[in-house]
């Protein structure tokens, strides 16, 4: 292993730049050359890449987004696309790859690993939905962005005795909604992993109002339904007016938090160590407070990873 | 003048608490008693009020929302409602009132002034749309909230080479959109005061893309049309895909900026001085860097207050 | 167990209010009465306390500081003080106590537990220095405050090619310095757990400068020496000018991060469960991603809890 | 005028990058070429400069610090240094210069203007101390940074019933201290423009304490004395313990606020217009809400520019 590549793929997440920096610096520390590949797998196919040096990853640890850009790449799902990628790896003498992205991005890398180019995945997505790691990169930053919005909306909700429905990201995973709802003091949290009972939702709104609460906040993960659909259901069910706020893409941006930067640093360094040890098809993660690597196939198994005790607690604390 | 009341009315704005504090503290400094009236004019009608002391406005200068709550009050637009309000003013021995809110809130106070209860208005709205003052309370904070969102969205827009349409508040006034667009480096700004040319909008998107720009940001004031309507128009016109982000109610919340806290302090103190001088039907504002009071009727005249040089500049700087 | 008390003691930390709320709400959910004790052990001695209800802990989850105030209390270290506290517990029919604070605060509670008033400790300190828990409440918020400062200082350091020494909190524990240094991209981190080598420090400054780095940032934990002492040593050793920034008390304040609010909620609920199960002399913590309770005496054992791999990594990534 | 140069000089200030962008974009819009000169006057002497294009000032409007770097330059105060600078201007065919910095930086430019190279100054300093402009670039951002710190310190001050002394920047000008103190709700503000009375300071501390205030905050501008000197005086005078926090260099950093970015855009565009009109020796500023240019010599006249009404008000509101 003399030269490795690094790319970011799929939806971007805060901390990706910090991970790129960690991969590059750790690799250089170990005497490797590092190539930054632009625009994810598309850049790999197109040979759109550049050798990185110490300075080219300087002053990026604090930046949102990804310096290497990201993209979804349908062409890479074809045999032809994969073949082009492999040829570029050969041409550029790249011996191994670090892929920063979600599980979709991991999948693409399996072909490369199986073709003799070991790949290691770093979980980069705000959704916290990759099996095998307790946290993904970007989740902590997105959590704080959502909480900042909830705090702002609470100001106006309180001033006007209003009920707000806040729609947050999360197609299959309710982690962001659950953590943000618990941390934001939301009265009700609606997530894909748990069925909701509209009677109970209405009951909580009414009992809060009875005891003089000045506002109510309901968090809905987009995977369940949109905020305005939920508002319509409440209106239909109990004739209660609500306001809807869709947080949208601001959740993906922003300077990464301390925790996301530390995770990115640990993940990036571990990925290089795993490649140096000659292993491919591995995913990096944090399990029980330890940075680990594990078989990438485990990341594709859909299991129950939501913490149902936290969900229960969110109900008890918002009485 | 021995005892004055203070209330917040209409949409809430950051800095209202700082203004309440300034009114209360300045009045006490001048030897007056101060009554805080809850929920705007509705609280006045209902006699929902409380005497304030130094401590009751402590630790609020930095808080968003309004400690006195706000509301719209249809009842106050009726003769009966106004009569009830006047009776409460007599009953509670309130000699004058400070109204913190938008021009709709100002209007309500004219009846009271004309009935012998002098009222003074403090401009509190994020829209910056009250004639007679260069700035309204809350505008600066909302500006920074919008900019923070633009900065976050730019991260993800850049990472993915995407065009974003960001819908910001402003029904009749484009100030928030214009300032935020200029400060956020937006390519295009669509505001009620200026007609837009779709050919030009498309032209800017294309020329930016040609010279390698990694993202495009279009700001649309809600008063022109919704973000998704504008996205549909672009799609129809030039088959360009865009993402839409509606910032919504977070724009009304948050801890006020330094400038809004200072304005609130100056406005609140001036309002008390005007009442002490025996004047009613006056609005407080800042004109050419000076805190002033002026005939409240001027605040109802719709004039051209947008800075068209700033609009022109925003085009020149985003080439 | 019918009625429990809660107090905050020692240095304040962000998240204490969220923990108070969680203790109170969880206890009420379980049918207990809750008494808030003001100013730590001093308030217990003085009988300065108040019954809490659902509303009295509303709208505090997002606030820095502690609504119950904190204090150090020398009187409580005396037999007489402890006796007074016990009498107040009897008088107010308090059956158990939740203590939120550092290990000094824990110590005080052992006497009460041993006298038949079971106490449970929640680790609240920004220092992250309590054995038995991977994280203390407030650490994550302080980390982000320090990082925000480093990011700001980096702006000016870069603009002027300067070396900055930033002194952060941490008497016996270097965790805050280490995490913040790693996340802030500091060139050098000086902590109590690791001896430093001045030749190496100077060497890093010089090699960074040689390869064109525009700034250097050195983080010093206050437990090692002050920032200005370290600056003097560098000056003496290599005649290099540095600027010193002492972050000071801002590290203790601010709205808690999402993670600190979630931790506070989990810790508070667990503390109530432990009391309800009839156990005293227990400390709450998070170990390997699980909320646990453990013998409070373990919290007094000074062990090596710093992560030396992270320290090593910080050197590798700042080459 | 075919080609202009732009440089930043003296202490850096947030918004300098936004001003560089505005100068460059406006100049290109007008058909001029633009040269960025690195490290202030030193770079001019050394010929350290580069032609800017649209892209090279992209994505910097939101960044703290200055992309062109800054420096103080003793050599430029000598005849020889100035001669070298003039030769570089000739060599690089630069017809005019925009200088972004404080009044010290303005002074240097007079020689160039007098030698036939018209210079225009943009006021860039957090101190707000340049005669002829109501605001300097960076002041608004620094104000919000200081307020954020005061808010954090208030959390811990309140929790512990403590008095804090906060030292802020400002050698000759108390504007930052005064605005931040008023906006932060400080009890006492000590600035160079106003003598203080220690009896009154102590009196305010005592009366606040008597009426149950949980904290006291005193703001001291560094130009009067250091925070710890002031603490010693209070200790000596009344035996009151205080804590000191020196905010230091974080006040110079950070992403510029909306207002600073708008000011930077307006100032930068105006500077180019003035150069295009063939004028040199002019300073740009904002006076009574209008962007203006004026004789640079007026910027060197030390006059009373502090708002003494605001100082008086700060006392009235903190009773």
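Order of writing sets the chain letters: A, B, C and D. Residues in each chain are counted from 1.
Everything below uses one rule, namely that contacts are C-beta pairs under 8 Å (C-beta built on N, C-alpha and C of every residue); 3 or more make two chains touch, one makes a residue touch a chain.
Each chain and its UniProt protein: A, B, C, D = ATP-dependent 6-phosphofructokinase.
From a predicted model like this one, the values you see are computed outputs, not experimental measurements.
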| item | value |
| --- | --- |
| Co-neighbours of chain D and chain A - touch as defined | B, C |
| Chain separated most widely from chain D, comparing mean CA positions | A |
| Distance from the mean Cα position of chain D to that of chain B, given in whole angstrom | 28 |
| Centre-of-Cα separation between chain D and chain C, whole angstrom | 35 |
| Length of the line joining the C-alpha centres of chain B and chain C, rounded to whole Å | 39 |
| Touching two or more other chains - residues of chain D | 151, 154, 158 |
| Pairs of chains in contact (touch as defined earlier), listed by label | A-B, A-C, B-D, C-D |
| Touch list for chain B against partner chain D, complex | 18, 21-22, 25-26, 28-29, 54-55, 58-59, 61-62, 134, 140, 143-144, 146-147, 151, 154, 158, 179-180, 182-185, 211-213, 255, 257-259, 261-262, 265-266, 269, 287-290, 310, 313, 316-319 |
| Chain D-touching residues of chain C, taken from the complex the two chains share | 8, 12, 14, 16, 63-66, 69-71, 145, 149, 151-161, 164, 214, 243-246, 248-250, 252-254 |
